[in-house]
């Protein structure tokens, strides 16, 4: 049995003029120790998927249907009290903005100790030991000093390391990381991703990595899902999809990436980038600009999805509904 | 040109503004009450049974008649009459008119000064900002009423009662307008500071546009929402200030009464049992100020709530 | 070689952090002292932009690349140094004298959500600069020009009466490009024009910029943090670190043989599709704050090849045999 199994998850946002379907019956699973990438562009629903797993969708969003089975128990049907026992304990989350997790007026140490004591009955001193151990694991220089520092005294990369340390505090089974390095510079991003990968491997933690960066997914994950307007349009082993994407959208996404020539200069990339086929190129007019609530209803429903005609029947593991 | 106006109207009906107005019962009710009062005030000369300014229509014999429904009432005067025999309904209609003119006038003056100084202080920054804002601070540290009382008293003493009566309405607009401009200037400055960091302002600078054009054509339209909110509340404040001044005898003369001076003129008779002369205009004042404030509250919620500083 | 279109000489920019005189005075060790702190955003940058090229300035946040762009455009005045455009010094021009350059030099901004005035329609946004710079044009000429630029960036001219917020991010960035093109500029500074956009949209916008360069013979100064994009776009690349240029080379040369240790690290840190694991060059520590600049080479704290000289002496940008210009003692001494 998979560690986490999402079945037909349907998430909607109640807005004026009706419901906005953010997730349309998506299903996927995550095994123990597996690293899964969730790729898509803004508005594809990848963050909503991450948040809904821990039932963290804020109003006006709500789970309209489906199951989220964690070790066979449905998280979607759990009470807030039961959920709290799982959040941060069994399933930890890393956000894009470290300040979403860190409280600016408390020291790192206090926050880590509180997080531990919320789930385990141990002394302050023991909790502090655990915190120190996790800070060492994320290779923060002089971890003892960090415990007594405030979040604003740390750099962006350091803060994200602290976040990872907090995520690891209670030896979770799953870490959900929502664009954990998007706000960071490339060199720091590389460090953090390498660290996250290393830790997940060593501690046998399952990782669900949400990102828009195919390069990162390729480096870190074993399996990936590609999302487009609330649906999973392609899923499979990462390497297989990167090398031989089946869905035209995934193909477009991969081709749109700037290609890097090899160091050594043997391959010179084509100076023109392959833009993802615009709707116009496929003979469907580009939809005129609309107010948000109309635009947000995915183009698929309007019959405007350029991938509709071509995309059918091409999914590796599931059919579009 | 009609297509443009139609699309404007459509845009308005699509807007969040209209949507939230439709759903807010308090806002709708307040708006309807205010609209009725404004219309009644504007059309007072046609609606009012008598003209209280016309001495020929006043009969002292009709003084202190109670409102309809009480013993001794005269159906010709539905809300009764005051001590000089003026029809209270007519005086209230005319009084509301005066109060509203002063309220709107003072706020227009405040807005003109506040927008100009706020834009200059926020956009130019540095010394201009420091000087203008210190002036604003000094101005705010005097209470509006205190300044108004001093200025009003000086004017009254130097021009005499008769002359003062003629210019009173302009005087009050001027005093309340000048005393309260820092409120708007500060709000404008705060939102200019936020707006001027945005890239569209840089884009305008890169185009080589002059300071004036950037301030008035590019930044000002984007600071209108908070100005609109605070101006609404300031109208209510101005009406109250005027009423308070008139009540103290430094506002509108009794020959051209505002709501404030009506309350004052009736106040002397409250002991003698003629409570309606004071109470009815008082109620009108309270309702007027209340609906404006309720509308202001609603506006603040709809428009950017962050920028509001009252 | 012809004279460069834009030349930046000895550019420095400090942003004062310490505020007014009263805030500068601190009480330390028993006596009052006046303390001044400044962010050293640019510390001596020399760059030439040749006619018709796209010079890319690359670096991580805080390296001063955006400050260079804004200083060139006159949005910020430099603390020291000069900027020349077509042989004329422009950083000290004011008012009327600067106006011709405001037309010839244009800028595209990072955030398409903030760079269009929310209270103006697209038509107004595009018409205003044209009317301003070509006051003799008739209304019909202005309309035709707006029509032309909108079409050239792929925005339907019929949408002119709509407001910016009704468009998607990519469409807005196209409109921002149209605004820059409307006054027929020669030189465009693009400050991270695609970093706020989705990958699929990025490609469209980059292609659009390349088309415009071809058809209007434009010169670009292109600011980005994304080295991968540069390989498609740039003629030459300048890599910046903490307010200094550490490597300047033809794009192809830079990607084939990066010389500066920082450039090498930066290149290796870009996640590539072919990778199965992160395989970047590990750097020590993090970027120091530009408030207290390290002495000597700004990169020495993180550089695996740093020695005593690097800690002491600021390296100069020196031409190497490969045509690359590198500011690195190790390269100069042949250690690297």
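The letters A, B and C name the chains in turn, as written, and every chain counts its residues from 1.
The rule we apply is simple: a contact is a pair of C-beta atoms (placed from the backbone, for glycine too) under 8 Å apart; a residue touches a chain by one contact, two chains touch by 3 or more.
Composition by chain, UniProt nomenclature: B = ABC transporter permease; C = ABC-type dipeptide transporter.
Since the structure is predicted, the reported quantities are computational estimates derived from the model, not experimental observations.
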Residual chain groupings, excluding chain C and keeping positions: A | B
Taking each chain's C-alpha mean as its centre, the one farthest from chain B: A
Geometric centre distance via CA averages, chain C-chain A, whole Å: 31
Approximate Å spacing (C-alpha centroids) for the pair chain A, chain B: 53
Multi-chain contact residues (two or more partners), chain A: 291
Shared interface positions of chain B, touching two or more other chains: none
Touch list for chain C against partner chain A, complex: 60-61, 156, 159, 162, 166-168, 171, 198-200, 202-204, 206-207, 210, 225-229, 231-232, 252, 255-258, 265-278, 280, 282-283, 285-287
Footprint of chain C on chain B - complex, ascending: 4, 7, 198-200, 202-209, 217-218, 221-222
Residues of chain C that touch chain B when the two form their complex: 70, 73-75, 98-99, 102-103, 105-107, 109-111, 114-120, 128-129, 132-133, 161, 176, 179, 183
Complex contacts: residues of chain A adjacent to chain C: 41-42, 141, 155, 157-158, 185-191, 193-194, 197, 212-216, 218-220, 239, 242, 252-254, 256-261, 263-265, 268-269, 271-276, 278, 286, 288-291, 295
